[in-house]
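Once you scroll down, you'll see the structures, which are given as structure tokens.
One chain, chain A, links the two complexes that follow: it is found with chain B in the first and with chain C in the second.
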Partner chain A sequence: MLKKNPENQNILSRARGGIKAALYELSVRTHQLFHKKGKAAKKSLGRTRRQDMIFYALMSAIPILHFLIFYVAVNINFILLSFKSFSLAQNDFIWAGFENFIKVIDDFKGNLMMIGALKNSLIVYAVNTFVGFLTGLLFAFYVYKKMPLANTFRLILFLPSIIPGLVLTMMYGYFVDRAVPSIVSLFTHTDEIGLLSAPSTQFVTILFYCIWTGFGSSVLINTGAMSGIDESIVESAKLDGAKLMREFFSITLPLIWPTLSIFLTVGIIGIFTSQMGLFNFYGAYAPNHLITLGYYMFATVQTALASGGSQAGYPYLSAMGLTMTAIVLPVTLFVRWALEKFGPKTY
Partner chain B sequence: MKNMKSGKQRKRINPFTAVMLAVLVLHSLSLILLVFWGAVSSFKTDYDFRFNTYGFPKEMTFSNFALVWENFGTSVRIGLDLVRFYIEDLFVNSLIYSLSAALVGTMSHAVMGYLTAKFPFKISKVLTAIVLTTMVLPIIGTLPSLLQVVTALGIYDTWIGIWFMNAGFLGMNFLIFQAAFKAIPADFGDAAKVDGAKNFSVFASIMLPLVMKTFSLLYLLSFIGLWNDYGTALIFLPSKPTIAIGLFYFNLARDGVMGAIPVKLAAAVMSLLPVLIIFALFHKKLLGNLSLGGIKG
Partner chain C sequence: MSKKIGHFLLAFLVAVIGSGALACGRIDNAAINPKADPSKTQLYVLNYNGGFGSEWLFKARTRFEEFYRETSFETGKEGVQVMVTPTKDLLGTVRQTWSVRTDDIIFHEGFNDYSGWIRDGLLMDISDVVTEALTEHGENQSIEKKLTEKQKTYLKATDGKYYAVPHYAAFGGLVYDRDMFDREFLYFKKDWQSSVTDVNDKFQWADAFVTDLAQDRSAGPDGDHGTPHDNGLPATYEEFFLLCNYIADIGFRPLTWMGGGYEQYFQFLMTALEADYEGMSEYDTVYSLNGTANTLVDSIAAGSPVGTVTFAAPLTLDSGNALTDGKEMYRRAGLYYSLKFVETVIKNPAWYDPARQFSTTHSHIDAQSDFLYSSLEPAQKDIAMLVESNWWESEISPVMTQMTERYGDRASKYKRNLRYMPLPRPTQADVGKKTTMVDALSAYGAVRAGLPAWRADLAKKFMRFVNTDVSLKEFTVTTNTTKALGYALSETDLSSMSHYGRSVYESQMRSDISYPYSDNPIFLYNADSLTSWSTYVSYINNQSYKPVTALYVNKFSAENIFAGYYENGKRIFASLMTE
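Let's turn to the complex of A and B:
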């Protein structure tokens, strides 16, 4: 009916044209819209990224500035300082070439105090690593396995990390120097000398103190690492008949090895930085036969500051530090490589 | 039941357990007895201590504590003047030093841990690599150089200097925070951003509260470490002595009434009290399992 009427056909064709036009309009508008949205989305993404970068830059500004000053600048100055010496005539630092390094090497070859300090430092490191570290590891395993009184021991082992070192040193010092001789005299019926007063027992007494008070943080962190071990592994080993020691060596040790190897690698620096608590015991005036290299460097700076702030000794100390760094860097890298290569592995 | 009993018995007679139990009992007893001996001796007179070094006091006296309260302090040369700092001044300095430096240090590590964990920019990888490298490859003996730099910057012996010195991000705490923030799903922050939150709000209101357990533990450990540390303050903050510095000089005194061992032990006991109170209040938090995966248990 509609087709036959020309007026109607006209309306139909106009309508078709209108729809076509509308559809075309729609497609153009949609294209434009999508095109615009893409741009807006990109713009919005760019804005978010820019905001992220601004936030990042603002928040990290102080820590990065700290790094640039207290690590980069301090270390550059440290290297430069080791090649200088203090001229009293000019009241300033002047270039000295390798003079300080030659003195450091000469001292390590012929100065009895420095040779003794190096020997003491090595002994402290070895004993701390082989006795303190291993014992601490076993203590951590005991706590991790929740054996009798484990939580009580965990608390007590951590106490030396909380109690001020100076307080503990004072109590220990007076106890071994005053109370112990009195107690021993009860049995020997002779007058005994205090353990910190007799030169022959001073070093061992202080070394014992270092190990005795040094378990806290290592037990805490090793227990944390051990508690991360999947319980199902331990259970299946138990079902296979694994005893406690087998579990320790075959499961616990390999699984916490990454944590242990970090500690062992980072700990190497202790050879040259450990003060063995000597500053607590003696201030800046420890007997020469007791000193370690770490103590020597700290006490020298402190003494210089206390007596007016003379910087004359700084270049020598810097050269000594740089020499030690040159020794400890390859040793650290080697130990890290060796621990990764020969340490226990998980399969 | 029988099997369980025999299992328990086997556990009890395990040689490893027995040896470790014995060693740990000895270690713990020696530590407790030492502190107990120190505390008991602080109630003795000097005369009593000379002839009775390990027994209980013949007559309890509190005079050592009174002496410490009146005389504990240290004198510091500031310019041309010799200024005396008494126990309350030292306490205030200790509080300012420990509270503020621990906050700056912990916050700095938390911020950098968050940025490197949640923003995958190239610099995040560089910063993480810097932390790992400086941990494994240490540099020794930089104290003289550090002193020169701090002096050159004009921040030597100032609170701002101490805060700035603690605002670094190197070290183990960075890795702990980074691991803690990585463990939080990204959706948490994204959802807040869709609702219109800015980066700072996401960090301060959502992310930081989620790692508050890690934050508070590291803050507490840092606070205790700074409260007990006298070495840094002795060198970098000489005109603002703390309790720890006061105790250091007190311990070195050899003459007069202050040279008596029971008096020194009384000072040690008094210095111990604030830390013991903190430990009693927060020991559960402090003994939480700290690992590179954050905090457990």
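Let's turn to the complex of A and C:
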């Protein structure tokens, strides 16, 4: 049986192990702190341990405070805001019941722009999942099997993930709007319009951008998960005559399924928040046929900020966010349940 | 080995990207502000560092510090240091973080919700700053005397007090290269119509233009041959389109604009066209919702160049019917004509570079540079006009300095004859009306509320200082733009400005200046919904469209989009907030 060489563990696995150990240690310390209340226990808490506890308390105070302010408080405020509207008489937000939700539902029923945005959001998810995710998975397997130039490809594919989004958008924009038309013009001898400028090619070009930029992290995480597979299992399968295809479907896929199912579940959550990088490309002026729900909400807030920062429109956006949460939450739970129930299993 | 190379490459990339990111985010504070001197009082000023820049503030700072060099504002300290924070943050972002900022004074644009700032208690009452004569600076008049009646009523509308002073004036429009116009004789000759029987016949186009600069020219948009500034320039949309056709036909490029912001830049132009057509009285009614609207459209027969508009009966708005009939303002002819103008431009790709003009990679600096370089670089097609706003020259100033170093004095902004173009009118019947310009950015200077008395006194002194005639003129000479206050420039001042700066100033002097706001409570409570930008939404088939994108991407006609404006107006007025 082959043993795993620690050096071969990738950074991700090691980081995951480190976080697990730290969390476990933290839970033990917390347990000790709150469950040894007796005098004897207190006395037994030596000076060193007390110092440790202070250290842990201080270290965890900031993230906990951060969590309380920027997650708990923000979300409570967001939920409350969705039931309010702005009152001029009181110059403040007042209770409005379900008024904002009714408007959101009306908009989804009658406003073709919102319906189009919903359609685009679903297309982005579907394409990211079925094209980006599947090809990412296959490519991760290619890298995992150390095929020719695997590491080079991995580096190239991961580059978009370490380049700041705005820079990447700019580079991509220049490529598709300037380089590509110039190259095509060499052959056609006509002036060509860029892929992001021509209305007919804008959506596909941005969709490709989404897949391309998401590809690197998908490959990296999947490769990380695959490298955690015990090589003795693979060796054994090979001795039994399993080919690559069999190895992929019968060993690799079942063993990394927990990672994949997290990917797919998180993807569902992203349906209503993904803005396809549209704000980076178009600012607040993206054409209607491109917008997604995530972009719509982001751009609306940005427009309010640009025009002086009136917050009167925020309750509507909060209600929209909450409505989307109401839709996406059961879907997410269902998908997670389905993936666990019907996904490949290891025995 | 390959692993090491990979690690090296990765480290290199991270270093390059990291340093780039640091450089992007870093403000060289030492160059902006000297180190705080503990023996002096520091005054903190936030300035929106957009197209108008911060150079004007640095100059004012130097004089202010000198003026109050021996004055004590705090016990044990003498003199003052003005610490400037140039920012690119939008006003809404500033507003959200206002409580944790340390700025005493703010100069920013986009105060559409000015009354909201007051209601939220964010700004200090500076009525004394505005109403008391600036005697300490040798002036007998107050800042208030430099304001128009409309500015006064709006600024005091919330509770009768002043909380801000107007800052810069921002005008959208067209810039034209007068050197090129002179060189290529791009001026309409007097009575050109007698030589051209069909404006669509390209073989007749040249007959409309002068053949030497001494030849008599047409009267231009003001219809007056005695005012040479606009003689020979297109007076109507039809003439403008003919000019574009002719320029393209003789091998040049008539127009350029920012591809990445075409919607925004055309909306600026449409605002200018619309206000200029409507005139100040009509345009003000849109925001005051009080007055008679004479330009409401009943129907349009599509056609070239602007179709035929049948006007509806005039509508008088007052407090009784403003809420119910205010929506009618969204079917003003000015809105239609400006759309028709942009539609015609977009439909003629020979007038611009289709590969750039709708590209997200084409920035405002690209457009400005294309325009400026085109006549200097032999390999490039000369560009005759730029869709821009009056701050563009201040914005591109560093590039123009580089150009001067490269091409010599002829590339300097003081030598190049670039000018603000008097806008053409939709039809011949509109030629000769007084020009109206609209200051559309709502830029103000204000003082933070809640400052201690001594600090408030210092901040107020600074606000007064930057609004003296000397400071106002210095601003204009520095930025080649104007402040939104009344002051006259001397010949000496004008001679130190660029041709473009002078042309904007002179246009202002000849025009009525309108502001897209009013003291009507309906407007004050719904400023975000009723601002000029919110007009530019067209609701067609249950969907909201931005007008220029709808023209370019969705291929809607100007008539369709105009009808959609009215539908959007109905929606806006159905959801306005009232007390």
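FYI, the second predicted complex is superposed on the first by the 280 of 347 C-alpha atoms of A that agree within 3 Å, B and C clash if a C-alpha of one lies under 4 Å from a C-alpha of the other, contacts with A are read in each partner's own complex, and residues count from 1 in each chain.
The criterion applied here is as follows: a contact is a pair of C-beta atoms (placed from the backbone, for glycine too) under 8 Å apart; a residue touches a chain by one contact, two chains touch by 3 or more.
These numbers were taken from a predicted model, which means no experiment stands behind them.
S.K.: Just from the overlay, do chain B and chain C fit on chain A, or is there a clash?
M.R.: They clash: once the shared chain is superposed, the two partners overlap in space.
S.K.: Have a look and say if chain B or chain C is in touch with more residues of chain A.
M.R.: More residues of chain A are touched by B.
S.K.: Report for A:Gly132: first if it touches chain B alone, second if chain C alone, otherwise both or neither.
M.R.: After superposition on chain A, A:Gly132 lies in contact with neither partner.
S.K.: Between chain B (first) and chain C (second), which does A:Leu322 come into contact with in this model arrangement: first, second, both, or neither?
M.R.: first
S.K.: Just checking: does A:Ala312 make contact with chain B only, chain C only, both, or neither of them? Give me first, second, both or neither.
M.R.: Second partner only.
S.K.: With both complexes overlaid on chain A, does A:Tyr71 touch chain B (first), chain C (second), both or neither?
M.R.: Only chain B; A:Tyr71 stays clear of chain C.
S.K.: Of the two partner chains, chain B (first) and chain C (second), which one does A:Ser197 touch, if any: first, second, both, or neither?
M.R.: Second partner only.
S.K.: Just chain B (first), just chain C (second), both, or neither: which does A:Pro287 touch?
M.R.: So A:Pro287 only meets chain C here.
S.K.: Applying the touch criterion given at the start, work out whether A:Gly277 contacts chain B, chain C, both or neither, answering first, second, both or neither.
M.R.: neither
S.K.: Based on the superposed arrangement, let me know which partner A:Leu159 touches: chain B (first), chain C (second), both, or neither?
M.R.: After superposing on A, A:Leu159 lies in contact with both chain B and chain C.
S.K.: One more residue to check, A:Gly216. First (chain B), second (chain C), both or neither?
M.R.: Neither partner.
S.K.: Superposing the two structures on chain A, identify the stretch of chain B from 8-16, 62-70 or 80-88 that clashes with chain C.
M.R.: Clashing stretch of chain B against chain C: 80-88.
S.K.: By the touch definition above, which chain A residues appear in both interfaces, chain B in one complex and chain C in the other?
M.R.: Dual-contact residues (chain A): 152, 155, 159, 162-164, 167, 170, 174, 178, 283, 302, 305, 313.
S.K.: What does chain B use to touch chain A in their complex?
M.R.: So the residues of chain B in touch with chain A come to 14, 16-17, 20-21, 23-25, 27-28, 30-32, 34-35, 37-38, 41, 49, 53-54, 108, 111-112, 115, 119, 121, 123, 127, 130, 134-149, 153, 164-165, 167-170, 198-200, 203, 224, 227-228, 230-231, 234-235, 238, 244, 247-248, 251-252, 261, 264-265, 268-269, 271-272, 275-276, 278-279, 283, 286-287, 289-293, 296-297.
S.K.: Looking at the complex, which residues from chain C come into contact with chain A?
M.R.: 2-3, 6, 9-10, 13-14, 17, 20-21, 90-96, 110-114, 116-117, 119-120, 259-261, 263-264, 354-355, 358-361, 442, 525, 527-528, 531, 533, 541-546, 549, 552-554, 577-579
S.K.: Once bound in the complex, which stretches of chain A touch chain B?
M.R.: For this pair, the touching residues of chain A are 51-53, 55-56, 59-60, 62-64, 66-67, 69-71, 73-75, 77-78, 81, 135, 138-139, 142, 147-149, 152-168, 170-172, 174-175, 178-179, 182-183, 212, 215, 220-221, 223-225, 227-228, 244-245, 259, 262, 265-266, 269, 272-273, 279, 283, 297-298, 301-302, 305, 311, 313-314, 317-318, 320-322, 324-325, 328-329, 332-333, 336.
S.K.: Can you name the residues of chain A that touch chain C in the complex?
M.R.: Within the complex, chain A touches chain C at residues 86, 88-89, 91, 110-113, 116, 151-152, 155, 159, 162-164, 167, 170, 173-174, 177-178, 181, 191-194, 196-197, 199, 281-283, 285, 287-289, 302, 304-310, 312-313.
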